[in-house]
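Order of writing sets the labels: A, B and C. Residues in every chain begin at 1.
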């Protein structure tokens, strides 16, 4: 039993850091530019596809990772300059719809370029296999490395935001947009950079998840809504919130998925019914969490410090 | 594109062949081919479509001497979409003959519509238990299998291989439930864990943890198409491969899955009703023709679709292409007057197949490549356990 | 001609066109047109309902597909129990009568909307968008969990609900039934909008604190609008389930909520007939672009973005401008 719990904790952590990479960008864009960007998942998909294609053609992950990052980052900045810029002063409804249109476009464009069949890319050779980090629990090296990279990026992002001038501007922008403008900073450039940074992180998440799952059209939407849960639970505009929110959501979701079937089978004898019920109920869990947070702590559990 | 070219070509061919006296003002018989062409299960439908088109092409645009025009549409593995397409074909286009569906949940939404509307459905893959038993229908024919039967053979195989404690998994839909029921029916050991996944699931980390915690001596799983690729890969990454052997039925280890997962497939035991190495002449001719045209090895999905096309052809020949007289069509169909690439084949009382099941294993051949090698016969003239409750 | 006369002429023309749809379809040799028009009417009801909170009330609900889906499931579940003659919870008998299942769907979605609205309306702005999304997602997964009613495979309704002795299987008959419901719905809807309640709703959207200052509690009015809106979407869902004879969790998916919003914006938010135009435009675009090219999303996506960026007021706004020029 402990072995099962430990393995599930690791799984939850892995989902958590992946969500963090997506949520970090989303929460910054949300907090600084006030934009609800539904198309954030598309950047995740673009990163995954670019890396998978390069990995398939060249067989080299040393080329694939930069290619994925480049594609996601460039796509992000392009989207910011062509579309997002015009949405900053609009209400949320317009933002939701325009970025929804963007999802449709991105999905179809990728289908046109790559086809409808999912791509299955192999694990980078050095990271294949399992390792017994905890005695008796062999765990996928690749999943462990996702956790490692994710945590390293979290630290890097913390340093960037706390210790650099860009970070100072981002922090200021998240809490008070006008102050930044008053400082004489080129706010347009700052916005483009922040959007690009968010896209880069989303793209990196996509690159890493590609070999684990399969790279397919629609993968972005599957994870997007959960990313919104993270942002809301953590607190809009707060990187710290995104981090803790992601870990909480990742672990809650994984644990519910792990334990719900057992509980349900205690109540319902038919396995098919019990498992369907537990699949549904465990998926509901994080949304319930989000609704509760919105009702009782609308600013989120870890709001941006002002 | 290819399909359109082919249609034009066959139409020209048919026109050239038809002597003036034979020119009846009769358009080719349109056949609805609804199948899954997108998503993780996309290649399953592609193989079904391609084998059927191949069969029609080899008959110069005809099946059983009757000009046939397949109308191919993608259900995207969404029951609602399949139903919408079927309804349009049935009501707007006046199509009466349907085939092609891969997944049992899509079939569950489409078949009632087709049958209620006076149409005929010939299944090249999905064979859910409800249509084999209580809800069997005079105009529903399954050429592939009844879902349970397929996994019954896997249960028998696991027993014969001497395994005692099995952990079993499948997606939670009709065919998945049939799979686990089928396996349990013929497995003589104990089931130490049973888990349903979701049909749109991509991450199996939780299942891997559960398998490890249960520590079985065999894993049986049913995950067709892309699901199987993801499952077996994650099984390998979780370090379970090599520790806990796997016994599966054909859909969880077809040629595409084997090629995608590479060495992770080596040694997997499976059971099947047909494999590319079958030696009967019909099978060998089909495999050669399929490889020549599409430059890939046909999966058993293609094989089933080929047999389905032959079965439909045989019925059309006898009824002279009339699909509105469903009684005559049914009589003709049930004769199964075609040479199945599986060898002996007949329809049982519920209009589902009675056929043999074989064991097979993924091995490395002399050229160093992976291949699925057929072994012993496991079940002979096997029908299914629902035929008794079917009252036609 | 005065503005009002023009509107009346337009409504008459629109009505005549709708009445003539089955005849037109027969004349054009395109029977599928009847089904298309049926779907347009059903989605128009759903989009108009959303428009009440979104356009008139300024509440951006990103979870209205939940009401559509629940309305559909009420029909599906009642039919399921009718077919197998097993009462629901052992007491509620199933039914296949349209005049039973439709009111039931409206009632249940109304209760649901009251519950969700009572909680969600404690928030506003982005929080409101997110909390409506959260509730819709919960319901989406709830229906996936209900294996008895098909889970994610959905629930097949073998026969459309019966209404008197009409042959509901006939698409033309069903179209006229839906048209009847749509006309009734829009008549009630127009009355609600022009009532004191409708005017107050607009005032709340424009300046909530001022309304509150006059001594009127905005919360109650917003909740009432939300409930009416949920009931309308539930009605549409019940009709849709009947039309397609199938319900599945797809009807509650968040992309469906997005589509409904799209219809409202495309047609013109805060206008009476905007959602009808939006539904007609989107569904015809979808139907005909699909026939023309598989890649229709490649066109629809950018069109949507352009509309949001440059065409305020949607189709209704466009028509309004044209009419103004006519004068």
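Following the convention adopted for this analysis, contacts are C-beta pairs under 8 Å (C-beta built on N, C-alpha and C of every residue); 3 or more make two chains touch, one makes a residue touch a chain.
Since the model is a prediction, treat every value here as computed from it, not as a measurement.
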Where centres are the averaged C-alpha coordinates, which chain has the largest centre distance to chain C?
B
Chain pair showing more contacts of the two, A-B and A-C
A-C
Hey, how far is the Cα centre of chain B from the one of chain C, in Å?
39
Chain centre separation (chain A, chain B; CA means) in Å:
37
CA centre of chain A versus CA centre of chain C: separation in Å?
32
Scan chain A for residues touching two or more other chains and write them down.
272, 276, 279
In chain C, which residues are in touch with two or more of the other chains?
147, 151
Chain B residues touching 2+ other chains are 172, 198
In the complex, go through chain A and note every residue touching chain B.
1, 3-4, 7-8, 11, 14-15, 116-118, 120, 122-123, 128-130, 137-143, 212-214, 216, 219, 222, 254, 257-258, 261, 271-272, 275-276, 279
Of chain A, residues touching chain C in the complex
30, 36, 38, 83, 86-87, 90-94, 96-98, 100-109, 111-112, 221, 225, 228-229, 232, 236, 272-273, 276-281, 283-284, 287-288, 290-291, 294-295, 298
Can you name the residues of chain C that touch chain B in the complex?
31-32, 147, 151-154, 156, 158, 171, 244-246, 248, 250
Which bits of chain B are touching chain A when the two form their complex?
37-40, 42-43, 172, 177, 180, 194-196, 198, 202-203, 205-206, 208-210, 212-213, 226, 229-230, 233-234, 236-239, 260, 262
Could you please specify the touching residues of chain C with respect to chain A in the complex?
54, 60, 62, 119, 122-123, 125-127, 129-131, 133-135, 137-138, 141-148, 151, 254-255, 258, 261-262, 265, 269, 295-298, 300-305, 308-309
